[in-house]
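This report refers to the structure that appears directly beneath it.
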Amino acid sequence: MNETLVTVVGNVATTPVFRELASGPVARFRLAVTARYYDAVQNVWADGHTNFFTVWAKRSLGSNVQGSLAIGEPVIVQGRLKVRDEERGGQHWTSADIDAITIGHDLSRGTSAFRRVLKANTALTEAAGAREPERDPEPEPVG
Amino acid sequence: MNETLVTVVGNVATTPVFRELASGPVARFRLAVTARYYDAVQNVWADGHTNFFTVWAKRSLGSNVQGSLAIGEPVIVQGRLKVRDEERGGQHWTSADIDAITIGHDLSRGTSAFRRVLKANTALTEAAGAREPERDPEPEPVG
Amino acid sequence: MNETLVTVVGNVATTPVFRELASGPVARFRLAVTARYYDAVQNVWADGHTNFFTVWAKRSLGSNVQGSLAIGEPVIVQGRLKVRDEERGGQHWTSADIDAITIGHDLSRGTSAFRRVLKANTALTEAAGAREPERDPEPEPVG
Amino acid sequence: MNETLVTVVGNVATTPVFRELASGPVARFRLAVTARYYDAVQNVWADGHTNFFTVWAKRSLGSNVQGSLAIGEPVIVQGRLKVRDEERGGQHWTSADIDAITIGHDLSRGTSAFRRVLKANTALTEAAGAREPERDPEPEPVG
């Protein structure tokens, strides 16, 4: 409840980084989301502000991101927004992360060939105590 | 403004039907979206209510849907919800349509290989007066 | 998971109907949501399609709706969309319901004076076993 | 298109600051949004991560926020998310702003009495060239 769910459409801005952690696979990448608006004076569509997010994909979504996404590709991402404020070395940092629920290639920009992955290993991991996404209040840090 | 934007994650429930209209390509399919909830008594996740939508994909999104999606595949769809009430033959009908902005294969269920499609023909069509999605108040009917 | 969360901005189209059920208070009303779009030819904003929803508000939200909302007032509603298909008397019916999580008067149209309501009775009800909104897969029917 | 629309439910964390600018009224405040999650081990609902946003309300929404919202009150906010990165004095800053479309008091927490405000002055301003919200790519800074 009161989660900040977002759906964003943008481009993969960095090559996904993948790790196998004790809690399961994790992939992360930067996402660039550029608003488009209609300029009524010029009568054209133009680029507006670009939002950058760090997207985290865990468990089977993490493995499949690793096997599917490359830098520059257009994607749609749905997930939970986490705005973080930190103090590090006397400096104040804020970051905007998305803990992804689902990611897909944007079919308005091209075609995609899908191959279903059986969740055998994931099922075992989950049976061993891994939490379901909805009950996952905080993403584990990936070094 | 005041559009009903939705993002839904579900499965393609019918084979996409494709048409080339004067206004451009259009694909449509039925989408099944089943809520999952945590049953605290049984301590398991279970299926809840299933929403069915008719998804409409137009222009380049329509062509790419035709070249990418098959029945049964898991997808994420973002678009504008249209709830329609009609009187036909003395009967009252309601339908729930989504005028899709973006569609992608759900990478939490498998991998996808993406191929960018150049928008040459679409660009020509748009230059000839086709409206951009945001300025498109009503989907054209597909017979 | 995979719930169809929507946020809609519209007007209360029917006087809210209120019931005290064994499971707690429930209010319901019809909501009219009219899309606005920019007509580039006429250079004006115009009305598009109107979506109608039946909004259900339960527990403390239901009581407060009863004490706050009147027909014609502009509101923002966030909730879970339920598209229902039924067969009644040989006829096929579909309805679009929203199981509301939050409702508020739309401050872009006017001002509102807020008064906090203590959740004493609700807390007792919940302690007695009422389910939290997120774990509530299906709204109870209100005759 | 490709805007990052968010709907958040939280509490007003700072007293709204109001300015009358040449472009119209503007109000801003900080909003605290605390996720709630179900702790299956303890069998209780608990607080998760808190997101902080700076919310900007312009034109008639700005005036009405000024006349309606006080620190600590629970609200629902729908708007466009802007994540900003800046370099100031050799330091790197990020902030998460919401350019609000609609704001309302959260009726799950209390009651609200609404009073419609006629848009006479706003209409004049808009006729004189003010942009409609949807065509507003960047919020004006408020000193």
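By letter and in written order, the chains are A, B, C and D; residue numbering begins at 1 in each of them.
Throughout what follows, a residue touches a chain if its C-beta (ideal position, glycine included) is under 8 Å from a C-beta of that chain, and two chains touch if they have at least 3 such contacts.
Computed from a prediction, not measured in an experiment: that's the story for all the values here.
Within the contact network of the assembly, the step distance from chain A to chain C comes to 1. With centres computed as the average of Cα coordinates, no chain lies farther from chain C than A. In summary, the interface at A-C recurs among the listed pairs A-D, B-C or B-D; the equivalent pair, sharing over half of its contacts by residue number, is B-D.
Averaging C-alpha coordinates per chain places the centre of chain B 24 Å away from that of chain C. Chain C and chain D, compared by their mean Cα positions, are separated by 21 Å. Along chain A, residues 1, 5, 7, 9, 38, 40, 45, 101, 132, 134-135 each make contact with two or more other chains. In the complex of the two chains, the chain C residues touching chain A come out as 1, 5, 38, 40, 43, 101, 132-134. Chain contact summary for the complex, chain B toward chain A: residues 7, 9, 38, 45, 57, 60-61, 64-65, 67-70, 73-76, 78, 101-117, 132, 134-135. Interface residues of chain D, counted against chain A in their complex, comprise 1-10, 33-38, 40, 45-46, 48-49, 51-53, 80-83, 85, 91-96, 134-138.
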